[in-house]
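What follows is a pair of complexes built around subunit A, which joins subunit B in one and subunit C in the other.
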Partner chain A sequence: MVDGVPAPWRPRLRMHWQPYTPDDKTPWNVRRVIHLHRRAGFAATWDEIERDLKDGPQTTIDRLLAGKAYSTAVPEDFEATSRLLADAAVGSGNIQRLKAWWLFRMMYSPDPLGERLALLWHNHFATSYRKVQDVAMMRRQNDLFRQFGRAPFAELLGPVVKDPAMLLWLDADSNRRAHPNENLARELMELFTLGVGNYGETDVQEAARALTGWTVKNREFRELPAYHDNGEKTVLGRRGNWRGDDLIALLIDQPATALRLAKRLCELLMGEATVEQPALDELAECLRSTQLHIGSAVETVLRSSAFFDDKNLGRRVLGPAEYLIGAVRALEALDPPPTTMVLAEWMALLGQDLFEPPNVFGWAGGRTWINSRSLVARGNFARRLADGGLQNPAATIGWVALAQRHGCGENADAFAGLLAKLLWGAETSDEARQIKQRVLGDDTALTPENSRRLVAALLGSPAAQLG
Partner chain B sequence: MTTVDRRELLKRSSLIALAPTVPHFLARLAQAVEARRDDRVLVVIQLDGGNDGINTVVPYRDEGYAKHRNKLRLAVDRLHKLDDALALHPSLRPLADLYEKGRLAIVQGIGYPNPNRSHEVSMAIWHTARFDPAEQKQYGWLGRALDQLPAAPGGPGAMLAGDGALPAALIGRHSAAGSFSRIEELAVQNDAARAAIANDAPPDDLAAFVRRSTLDAYASADAVTAAAARPPRGATYPANPLAQHLRTIARLIESELPTRVFYAVQRGYDTHSAQMDTHARLLDELGRALKAFVDDLQAAGLAERVLVMTFSEFGRRVAENASAGTDHGTAAPMFLAGPGVKPGLLGTTPSLLDLDDGDLKLTLDFRRVYAAVLRDWLNVVPDSVLAGSHEPLAVLRAEQG
Partner chain C sequence: MTKQCVRRLGGKRDLRRVARWVTTCVCATALIQQVGPALTAEPSDAAPPVAAADEITLRGRVLLPDGKPVPGADVYWVQVEPAQPPAQGKRWWEKRAVTDDEGRFQWTLADTDAKIGPANRPPIFACKAGLGLDGMNIGREEAKSELTLRLAEEVPIRGRLTDTEGRPVTGAKIVVLGVQTASDGSLDGLLEKWKRNPQSMQGRPERMLSMVFPFDRFAAESDREGRFTISGLGAERVVALSITAAGYAPEQKRVVTRAGFDADQYNQSLVANGPARMGPLGRLPRLAPPEFDQVMESELVLRGTVFTGPDRRPVAMALVDTGNSPQNMSPRPMTDATGRFEVRGVRRGPNLTLFVTPPQDSNLLMRAQRCDVPPGQTEAEVDVELKEGVFVDCHLFDQATGRGIEGGVRFVPLPGNRFADQPGYDNPIISYRPTDDDGHVRLKVGPGLGVLLAQKRITERGIEGQPDNTYRQASFSKDDSERVPITVNGERRTFTSYSGALVFLASHNAAKVIDLTIGADHAKFDLAFDPGKIVTIAIEDEQGRSVSDAWVAGVTESMQNTLRITESTCTVYALGADRPRRIRVLHPARHLAGSLVLTGDEPAPATVRLAATASIAGRALDPDGEPVADATVRIGYGDQTVSDLDRSVSMVQAPVKTDADGRFLVENVVPGERLTLSFVQGDSFFYLDGLTTKERQLDAGQKLELGDVALKQNR
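Up next is the complex of A and B:
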């Protein structure tokens, strides 16, 4: 149990999120270890997979929740290095360097779940550098996503909506009594809490009045009473002389907010069409009974039998970050390390330009990650990774050595099977053998060239886009 | 030979007439040739964020204009007058030129009943022409239209030029839509992965979807790469992203891609504060990009085949806000450009004094414009696409239909 996480909510409510215990039908095996890491992180290396196989699900999930899931290639001074990189990015005023910094964190942080949640909140509170035009502000907002990413939702929502990046993004940095600006009020309801359909136009107008007086001065949030509309407002049927904080508390308290968060977490952790409405309702109920404690709800999902059910395996389209970082880690292409600036460019080609979401709705995710452009980009990325082209200068990746470490000798069929196992937890090597046959024919020699071709083919294959 | 003649000839040609008895691929080839040479192309430009229609097509004589716009009031002497009541924004000189040449239709006061002020919901309504949220998750109006046309071999029926996910408007049940940002991105460098793709669909639905999408992706990538290899004709486009996307679109139209609908997005119209400069810059980019595009198509002899249509998810409120910006509103104008349009001003100008809770009253439903584009440009029966009957607006030349 992680410090600060309240006891899981009452078992009697758990119809749909029964705890997972391994059995013959759903054994704790390589496939499920990989599944857990793909969903709650990016991907584990083979050493980490073996460790987790031995330790069992409880310990493995404890480690993920505690932010200690990765051990391979994690630098001892990770946080200090990360700070240096972020400071340098801010100093340079170059947003590309901040993108590279975040990819550094995704690749090397011992806490991949923390980074996945930060990415979830970046999407939920989608704020773009395109308009904010301030690297320091984008970093500060991003740190909030990490600092409060597992906290009760109010602890995240309050600081994020009062943070200068958000106020500039939504033109809420000068909201005055005479002419309330509805942008923040609307997005607060539609995107950050209730979701569309759970409020009316007058609620938006009244909420905008409650937010009057909020402003940014000297790059900091200020609340100016002189600009605040002191009149009574009626929001969602509740009448009072509401201020901004009252509005936030009122929205946090709505059942629709808990349901929306439950959906968000299921999008993050569960496969396509694997969660029915009653299960969502129950997860929302769980959130409501814990003051919308995100970490607790994440734990409920990760420890559930629904999460480890066969139906949930390989049923989710990997997002760009999950695909890129997952490939680098699963294939251990970490020595020499890939250039994070280059990875940031690939992220954009795959459709997820970090710090620059397409609009206030963020990235739609799921099947929308898959289109002509992104699929060609994924395939081309696979080729580049296989050829050592993510490194600067270009490196030769020791694929044959990887094969030998895993007992594949110098056999191309065995190596293809290994890649399928590492990438999507394949339990049989049938599909891998077919791919190998199409790419190399009857040639079974694992020459460096053949090994590169196999990596490019398997990583670029449709199966490797799912997790 | 005019396009109509050629189409007629092809229709009468023995190959088509004998289609059931000639080899399938030959018939398909003949149909494809017909599609490529003669079929008309629609280019949609989405003004993303909610364009301020009032400062785009300015009702400068309306007393409400001075009443509601103070910091955002455009100086009358800098406007491009269309008539004694309406004028285009100072940045829209290129559109004023098109208007004078009879290549531009301006449709006014467009919206839909019970306007929604959420970007997402209103955009979904425009993209799908549906009001039921469940239906909005399914198919877009252009995707449905392309579903009714014969599948085009050799490339996707619709293409997004730009970043991000495909717009919902292009999603169809059968028809494929592709996307790209720069043409070079579409070149396939991973021959191993291509070789490894099997044609058989696995039983699993999601995996089948990814596999099918991958096959489509490689096919469309090849078609586009071949198109890009043609030497450019040296048309000069401004450097802004919209212009660059239109430049690429012109090259793809010039190639023999079967793509019928191209789509580009110009972002930034959500002008809640300090609107004046931003809006002027956006309209300047739009105008100059469109002019370069139209000139380029003209030089290539392709202009007759192309209709350009702009839209935005909503207009903005009539009164400016305290941040010298405007909040989400309702009705707004659309532009349709090309030799196929009936030029001039269409529809009724909404009054700035007769408002509905501070918003313009719509005077024309956007589905009437869609119906015209569907029937008179894409040759698709509008009713099924639009889930109901909407009288097509007379905005396209009758002989085109």
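Up next is the complex of A and C:
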């Protein structure tokens, strides 16, 4: 358990989130270690997988929750370097640099779960630079997702709703007593807390009145009393002279909010529509009993037998960030590292342009990540990574060294098997062998060219799109 | 030249040092190209240095900041070889003396040394390990007096270079592009000026040490941790650095060598005082402390072929550039015999443009081609086709005297030019090509209908002294006028180019319509400059007393026609009855303003009588009714000449600011003019319009008190 985080919910009659204990049917093996890292992070390197295999699930999950899961290629002064890169990105005024900074964090942070949760909240509170047009504000909002990403939801929701980037994005800075703007109120109810069907149009109008007077001055949140509607409002059946903070507290208290958060967390950790309603209800109850403590709910899911069940392994479509960063880390393509600015462009090509979600709903995720266009882009990305085309042009990448490091010698079949194991935790080499046969035929020599072709083929294969 | 150096340095013992120095000079050649004649190891045999007219002995002392002498300091002299257009001139530096125990130095200029004169003030520098350099330009006055160079305390520049992956950038080359300092040795005044008005620091340093000084002392290379140190530039300097590294896009830094310098507050002033809507950090260079981190972006590599004609003939020796190449890149990327090129160090980003300049003797036109590099690539292939143009020889001359005029000529296509939108001809506006001293220039022009536009050479000058360009604005001949309609709006005379953009005739002194065909032979055109008439004005106050130290706008018919005059009279140039000109006068210290219309036929002196300026006071409130605090208040005049006058005066004065309660007082408002007020607060822009109308303006001496005013905001 992590300091300051309540123990995972332990009701007397927990039905759906029973703790996982390895047994013959669900052993703690390479596949499950890789599964854990794919869902709660991006991907582990082989050294990290071996470490976790040895330490067992309890210690491994403790490490993930404590933000110490990655050790390979993590800079000693990671946070200082991250601050330097973020400051420089803000200084450059170039949003591409901020995207590169976030990818740096995803790739090298010892706390991949923190970055996954930041990505979850970025999608939940989808705010786009296209309208905000301020790199510093986007960075500040992103830091909130990281700072409060595991906290009780109220600690996250309050600062995010008052965040200047959010207020500009949803036109809240023009929400005045005389002419209320309902955008923030509507998204606060529909997207950030309750979800559709749990409020009415009148609730939106009354909530907008409660939020009047919130604005952005000199790039900071300001509350202008002169522009606040001091009249009584009725929101969700409760009457009072509500202000913005009252509204947030009221929404936090609604059962629908807990259920919506439970769905969000299950989409992240379990995949879309894979968790049935009773299990969602139970997780929502868990959240309510801990003041919507996100970290506690995440821990409940990660330690559950449902999470490690065979039915949950390799069934979730990897999002672009998981696919890109996962490929780089799993294949240990970290020295020389790919250029994060180039990776940011690939993220956009694959459909997830960081800091620029398509609309207030964010990215739909799940199966929508895969379409004919994105599949071509994923294939092209796999080829570029294999060819070393993501690195600084002055650097070169060698896959034969990876093969030799893992004892594959100069055998192409062995190397294909290794790639399948690293990418999706393949327990047998069948699929890898088929791919190798399709690409190289009977040629078993692991030349640099053959190694590139194998990396591209396996990374572009259907199995590598799941995790 | 090497022998000369050895002799002055004391014989063969220093030969090795000279050889090293020569190498360094060669490396620095390209660095200087941007700022002046090229630095090189040896002057060309074809063009020996100009001999000194008189024997001049330079004497002086090198001192510490506290006035104590500095023995053992090296003193350098910079040789300058005049430019021989189109070739640039050359510069190189030589160590001429070492100071004695009293910090004194002395040497006599040789016949082969560059001539000192009004237009040629070669620099000298003094350096010593552990201290910061000092230098000065030597004109005739300085050459007669004892020179004093004050070496500064040492504040080394320490940097750490990191890439966007957080890894150290090793082996980067860091070179000094220039050093800016202040006359009194302290940057306080300069930085205060920066804080108030960063734009005013652009191109007008209080004191810029020449760009030519011993580079080998001030270049560095980053180590395995990406760190570097540059010593010897001294405290209280603003140092422009160029940073280049293989595999990365180049960077530039402007470093303030003051221990503990807090750059943030100055960079924030870019937000507070920069032009409105420039974004959070604007486009002006940011300042850095003497210890700084720099994040380098990985390069994009562009490769391709430059060709011409349907058979794709390769074009060799064409210069290829993206506009963000490092200033000290040498040699510049150039196509080989097969037309192939490779440009490294390109910065990723939208609107990437490849500039291709064919060899000078080729009739191919230069081209600026947009590169649409697919996202996610680190390398890209771009082919460029060049089209043929026509050589045009122009001669600029004074129509009254027939003498040639040094200036520049450009070409602008007119509507109906059917080539202007075609690939290869689609960058048809030729930027100014400078003439020689006698006004002759050759340029390459695309085919089709267009206008040759000529202007006199403008030298770098301040706001005092004589105007540069005293010729009248360009006019078309009767025949040309029928082909090019001119729009007159007040004193603005414009015509429309092929792209729909307006071309201002106020920038030009001669214009000629041409219509060339592909494959045409050389064409020749004479471009006559009309000096017009001259009138002297006398400036008086309401009581008829002479007024000196005023600002006068409309002194010439060209742009930049505002002068600060010290006398009570002023000469007005380039007048003509066909375009009467309103002359504006403002005396900000005495709060006086006036105007007068001249045609050139007035008896001299014509008197302009000044009256009291107006003022506007009030309290600025934003659309929420909150005070707009600490905002810069600007007046926008409808009249161009008044606007120029106001802009010139405001460049040397502290900007008008609102206080914490939004209150403001704008003085020296020119009466009788339509105007608006704008307020820039950080990156927010507010404005107040409707203050004046065509029928209602401020009267002389009027003190307008607006009270609380609700501003509109541009988002």
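Assume the second predicted complex is superposed on the first by the 460 of 467 C-alpha atoms of A that agree within 3 Å, B and C clash if a C-alpha of one lies under 4 Å from a C-alpha of the other, contacts with A are read in each partner's own complex, and residues count from 1 in each chain.
Just so it is clear, a residue touches a chain if its C-beta (ideal position, glycine included) is under 8 Å from a C-beta of that chain, and two chains touch if they have at least 3 such contacts.
Since we're looking at a predicted model, the values are computed, not measured.
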Classify the contacts of A:E345 with the two partner chains as first (subunit B alone), second (subunit C alone), both, or neither. second
For the overlaid complexes, name the partner, subunit B or subunit C, with more touching residues on subunit A. B
Between subunit B and subunit C, whom does A:R367 touch in the aligned arrangement: first, second, both, or neither? first
Touching partner for A:E190 - first (subunit B), second (subunit C), both, neither: first
Overlap of the subunit B and subunit C footprints on subunit A, residue-wise? 348-349, 380, 384
Which residues of subunit B touch subunit A in their complex? 48-49, 117-121, 133, 156, 163-166, 177-181, 185-190, 192-198, 204, 206-207, 209-211, 213-214, 216-218, 220-221, 267, 270, 272-273, 320-323, 325, 327-328
Mind listing the subunit A positions that touch subunit C in their complex? 75, 81-82, 84-85, 88-94, 96-97, 100-101, 104, 108, 133-136, 215, 217-219, 224, 226-227, 337, 339-342, 345-346, 348-349, 380-381, 384, 389-395
Which part of subunit C faces subunit A closely enough to touch in the complex? 162-167, 246-248, 267, 279-281, 286, 293-295, 297-301, 344, 348-349, 375-379, 624-626, 681-684
For subunit A, which residues count as touching subunit B in their complex? 130, 170-171, 174, 176, 178-183, 186, 190, 196-197, 201, 204, 271-272, 314-315, 317, 348-349, 351, 353, 358-361, 363-364, 367-373, 375-377, 379-380, 382-384, 386, 434-435, 438-439, 453-454, 456-463, 465-466
